[in-house]
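Both complexes shown next keep chain A, but they swap its partner, so chain B is in the first and chain C is in the second.
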Partner chain A sequence: MRRPDSGTLLLLSAALLAAPAAVAQEEYVIGVAAAQSGGLAPFDQPSFAGFQFCVDEMNAQGGIAGQHPIRLEVRDTRSDMAETVKFAQEFVDLGVNFVVGPADGDPTMAMGQITGPAGIPTMTFAGTAPILTQVSDYVFGSYPADNQQAAVLASYARELGYGSAWLLKSPDAAYTLIGPEYFGQAFQTLGGTVLGEGSYTMNQPEFSAIVTTIQALDPQPDVIVTWAWEPDFPAFIRALRDAGVTTPVMGADVLDTPTVRGLGDVVEGVVHTSGGYAEEGSAHADFNARYLAATGLAADTNYHVNGCDIVGMIDAAVRAAGSTDPSAVRDALADLPETQGIMSSYTFAGTDRMPLRSVVLARIEGGQKVFIRRGLADPAIIPAP
Partner chain B sequence: MHQVTAPSPFQTVTDAILLAAAVALLMGAVALVFGLPGQRTATLFGVNLCAVLAFQVFSGNSGIVSFGHTAFMAIGAYLSAWLTMPASMLRVTLPNLPSWLGGHELPVLVALAAVFVLGLGAALFSGVPVARLNGASASIATLGILIIVYSVLSAARDLTGGNRAFYGVPRATGFGLAAAFACGFVLLARLYRDSRWGLMLRAARDNEPAARACGIDPVRLRLGAWVLSGGMGAVAGALYGHMLGAFTPRDFQFDLAFGLVAMMIVGGMGTVTGAAGGVALIMALQEGLQRLETGFTLGPLQVPQVFGLPILGTSLVILLVLLLRPQGLFGDRELTLPARLRTRQAVGTEGMSRPAGGTRSLRLDAVTKAFAGLTALRNVSADIPPGRVTGLIGPNGAGKSTLVNAITGQLPLSSGQVTFGTERLDRLAPQDVARTGIARTFQNIRLFERLSTEENVTVAALAQGVPLSRARDRAAQELDHVGLAGMAERRAGSLPYGARRRLEIARALATDPAFLLLDEPAAGMNPEETADLARRLRSLPAARGAGLLLIDHDLPFVMSLCGRVIVLNRGEVIADGTPEAVQRDPGVIEAYLGTRASRGPTARQEATPPPPTEEMTHAPT
Partner chain C sequence: MGTLLQQTVNALSLGGVYALLALGLATVFSIVRLINFAHGEVMTIAGYGIWWALLLALPAPVAILAGVAVAVGAALAMERIAFRPMRGADVTTLLITSFAVSEIIKVLFQNGISARPVPIVLPAWLTSTIDLGAVRIGMISVVSIAAVVLALGAMALLLRRTPLGLAMRAAAEDFAVVRLMGIKANHVVALAFAISGALAGIAAVLWVAQRGSVDPLMGATPVLKAFIATVLGGLGSLGGAVLGGFVVGAVEVFLQGFLPEAALPYREAISLSIIIGLLVLRPDGLWPAANVSRS
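Presenting the complex of A and B:
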């Protein structure tokens, strides 16, 4: 038998020394439960697309905190609560480091009831109900909450001199019901008056009865506020303008879509909130360009960039914790001071884990989204969840 | 002497236990083979199965597809949550919930018992309008109930939180609880299906007029099934709520209802086995395709991720199954022991000679029935005696079947009255007429097509209040009497024509009638079958003490059986007498053969009964 020469021994020694370094490349496992089909897919799909894109970018740089390659465990919830719950349990069994859940409060809360007690930090893709974090100390929001958006919109309404508002709500979803109520509370805190409110059923095709009610108001309100989205908002605004009612209308971030902007004259002047705005030269615009170049698809919603920001939030928390331990990461994330994101900056410190993020105000003019301003809600007027 | 046998009374119980054991085995195997993920899938299967069986108990037995049972699920989920949640948690999630309603921290099983009772009550309250309807109208009514309950739960924000997620509900539904309830629900649904109520409801599902003619009240039976299934739905909803831990009224809306209904229909909603099979198939497909949707490698082929694959694949399979097997995968077949292991017990022949009724005659007084401008019956009067065979003949459109329908309550009279003994029949519903002791067959055979031959007859005896085991014995006897004992377990819809006619007669006889109205029982039969039928009918009055009113076109058949014949033409009685007298009656000859014939050569042959013509023997009424 031939004895190994000294060169071979040197190579073997180097390999043995290098092995522990390779083992130290501990994976960071993120369980992602998002709807790729069903009612939540329009929000979860772009959120996940942006998230995946930035995970790939981060892995190219070494992973989370530059040293932990990210491995995703992706599950399609099909917008089904039972499936969502099942996957939450599966993520606990798998011992994932972090969980990202659907862009809606209800399934996120159902997940949080399972992942929270298991000590796994859990973040919603874009759920905006401020109560969603109440379910567990381990549950986090990522998008500007409804009450923040309502407070920013109410402040702007008062600045425009509006003294009275009429609210259009739907009890069919927490978002469409409670969003206008948050606006009303903030508006009244600022001295405004809520003249009344109307109720619609989601997907109702006809709004003439509601428009007649508005026409009969005496005095007429200065502004009409609704959290309605498609197809209800287009049906409502057409009926309103066709009836000759010219009262200004304000809405929430769901109006930030090409479809709404394409409605023509009836939406001229409509003011709405938005999670972000890709000003020229901004990080947001840069993200959009990178995404387009890499995928050939336009990142045409704020959910794309917010998905990317979630990767940044996890990264910032792991760096701050100096560890991938879920409890340490949770604590670090909850105490995260103002941090620059891509869509906007965010602050978790001092909040109930719904981040304080700037809200964009935009106006529809000539079928375009025109930037008005970007700002944080005044904590003094943010309605309680 | 051959032995008459009936199914063992323990057969249903054995079959129910067999199916429950199969469900338990499947759940256990999935949990064992696939570990923790398998256990969770099995838990979800158990909860889904409970919910689908709640649908099946009503829809499968009544034939009305319900979408409304998720309303009971929602009610059950909220009630169980209120009863089991800690008061401290309720103060956070539902601060305005009345203290008497929540925070009792009851054990889940106690809460589920309360949920079942409330579900029964809610279903009783909501079931009255649904039970009165049938077909698509009833389905739409169930949708209405779902929408109403959803709206109330959404609006009752103090009680439910409205459409904000209601969280903090104890996650008590684990594998054991789900498996126990799934097996329990299988037993309950299976035993109900073969109970007297389930059997009668399935008969009404297959043919409501025939069921009513046997004495079955479909409205009461539908209400009963709705109430039971409402209780089951509420419990299934509570289990679902305790599995989710957080929910809103939206989680019990159309998406859930359509998903559960799809599972039930794919498997075959007519059977408990079908419902269970549908849940298993759909869930297996979804689980399997879910594993593939993130992409996979197949040899050299790298298949990319295709999100939405579970919904796409499942929808395709549903379409395929419904295309190839419209009654669902399992059709009307329940999981049962193999035929060689099933036992039948001997039935005595006592009870076959039951002199019943006997003394009551059927009296028609100036019976008139008009349809808009057409008077189908005009002042028909007759006294039809018990214990004899009376014939009713007449040419096409004479009003014979209309008269039978008027006697049995299928058609309300325009004027006149029908009396049986001292009892007025013309104000009674068909099922109440049947309970006075009047049975009938139909011109167009009306069987309970999806029931077995022996079930067709059993159900008629059940409708008269006979206990199930005795009803089975009686069915076996009647089938033997009409020569169908060898076809007892065959589906009625698969019987040859002559056997179908005989089955209808056996079914009518199983009600132990005092009076039997046979509407063209020999229609479509060949001469041998007709002769055989005549032989069997001839012995009936003496053996049963029953009166017979026989309607038929086959004059030799009628003449050979009847001591008296009534002839109807254009809604009026034109002759009433012995067969010989009737055949010589010029009015009868004219009615059948026309004016010229009555004045021509045929009129000269009055002493000889006219030979049956094509018109007289085969023309339908």
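Presenting the complex of A and C:
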């Protein structure tokens, strides 16, 4: 028998040494489809930034469950539905363990129709339409759903003594359409009246015609409610206040941005829901400080911290499953009990995969977000998806 | 009656902005046969110019002038860098070039400044209201209408009372002959872009004042509406572009104001159907150019 030469021995030794390391460092691959340009970029960019930041932090600690380094497969959807769907198929072909999709319900549902049947758990960055999980058992939300936000907002509106509301909605997105409708349902359940509603097109050039319609209402509503986002909300509130209409305005979490707060006097007193509030000394405030120190940029929206919480949700599911198998992770995530996140605690147990999370109520005063309170929606008035 | 009057003011205000943009599109098209879809981005650049000037703590009037000046500069730069090398190319190539310029500018703003809108707070007097009997009109609407009248008046004077305007009108009629007469083509084309930039800059001021923020995609919708207005008015016709702008604005506002609640989600479809109907009746536009040629 020929004795192995020294070179062969060296190779064998290297292979034996590397083998256990390779087993211990089995990668956890996450496909991320987020818009870096286009209409969804204002929401996807900060979500992805917070997500990436916490992936890096987790990898420094060994990765998911402390033993699976995370590898990201990142794709820019450019806010294009066709691109989003294409990337969903690409993720399936790559055999990723988990997919994180855009911060809107519509593209997430489109992705879920492909990743769901392929058995890959898929989570939206911040889509809040509760219907988004109905597309597949593998699709998950991450942010407090619209019907939860609407119920909390409607309760507060009734507490303030508002008896009548006027709703402004847009059929162009599930979020802008059904959010105000959920509010209307919860408001009416609590004894309020919906006087009417208006409809706008996203990126609509002007809102003065709608404002004139509001001015002509008799009786005038006690409150105007909309789920409009930027740049439509700034245009609407500007037109409303410029026309001298002082009716209080309420909106959803999407108003929780420095852009809206920077609009000046026209947004003074606007009340909105939010996913979180960085109280001093909280984990949320600590995240903001860490993010600022590491990147030099302020985490000035809740999308940053929610992106980070998604990493925690995946980690918690893999730990609970004791496996990286996508189906096992999906089952564990769907049954995840009350878990402490950074923005807030969450649970998927007993839900239809939209997490039950507390909703923050805030008011804009002097260009600042002023905390009103934090709480869970009353199940008795949460509208059905 | 009060509501009707108020919606009429709204229609004039919106239609005026469309008219300014449509006139800018038509001015360039009439000379170089280019539908410049990056015209909306000139408007966006003007918006960011105002924002930047306000960040530097410049007074609002200076910031507004700076925004218009930036728009003129951007339009001239666009012509020099992107469109002059393509001079003589066919209409499709020019169209694709303009889309490319538009996309490049949008992505630069989204990744260079922010994908999110940035707020612009203009002086308080602009947000006041004027009561005229039963009608309460926002100062911004009044300023918009006045600015549009002034801008269109200045444009008419330039075109009709100055040698440059004469050259431009002649170029719009027959560019080849104008060149044979010894007028420098580059000067006329550059002037057309400068004028379109100024009009886009003024439109941006009104737009930003009404909307309170500027974002990378700000110009996309208005330029589309302006394009519809130029086609409706008669492609290449300057007067037609203005008329088309006011008609499109009026159709949009009155549908928004008077459609029944259940029909409101179909407003855009109804609006475009009305415009298509008008074009069926007048295929060359409401006020066609003398040398109209349709592709």
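In the analysis below, the second predicted complex is superposed on the first by the 363 of 385 C-alpha atoms of A that agree within 3 Å, B and C clash if a C-alpha of one lies under 4 Å from a C-alpha of the other, contacts with A are read in each partner's own complex, and residues count from 1 in each chain.
As a working rule, contacts are C-beta pairs under 8 Å (C-beta built on N, C-alpha and C of every residue); 3 or more make two chains touch, one makes a residue touch a chain.
Because the structure is a prediction, the values reported are computed rather than measured.
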{"item": "Dominant contact partner of chain A by residue count, chain C or chain B", "value": "C"}
{"item": "Which superposed partner A:Pro171 touches (first chain B, second chain C, both, neither)", "value": "both"}
{"item": "Partner chain in contact with A:Asp93 - chain B first, chain C second, else both or neither", "value": "first"}
{"item": "Which of chain B and chain C A:Ser37 touches, first, second, both or neither", "value": "both"}
{"item": "Contacts of A:Val305 with chain B and chain C, given as first, second, both or neither", "value": "neither"}
{"item": "Which superposed partner A:Asp106 touches (first chain B, second chain C, both, neither)", "value": "first"}
{"item": "First, second, both or neither for A:Thr259, with chain B first and chain C second", "value": "second"}
{"item": "Chain B versus chain C as contact partner of A:Val329, first or second or both or neither", "value": "neither"}
{"item": "Touching partner for A:Ile314 - first (chain B), second (chain C), both, neither", "value": "neither"}
{"item": "Intersection of the chain A residues that touch chain B with those that touch chain C", "value": "36-39, 45, 171"}
{"item": "Chain A - residues contacting chain B, complex", "value": "36-39, 45, 74-76, 78-82, 85-86, 89-90, 93, 105-106, 109-110, 113-114, 129, 131-132, 134-135, 171-174, 177-178"}
{"item": "Contact set on chain B toward chain A in their complex", "value": "36-37, 40-41, 44, 47, 92, 151, 154-155, 162-165, 167-168, 171, 240, 243-248, 250-251, 255, 259, 290, 293-294, 307-308, 310-311"}
{"item": "Residue ranges of chain A touching chain C (in the complex, touch as defined)", "value": "36-39, 41-42, 45, 171, 196-199, 201, 203-206, 208-210, 212-213, 215-216, 230-231, 234-235, 237-239, 241-244, 257-260, 262-266"}
{"item": "Interface residues, chain C side, partner chain A - complex", "value": "2-3, 6-7, 10, 13-14, 17-18, 106-107, 110-111, 114-119, 121, 124, 127, 129, 136, 138-141, 207, 210-213, 215, 217-218, 220-222, 225, 252-254, 256-257, 261, 264-265, 267-268"}
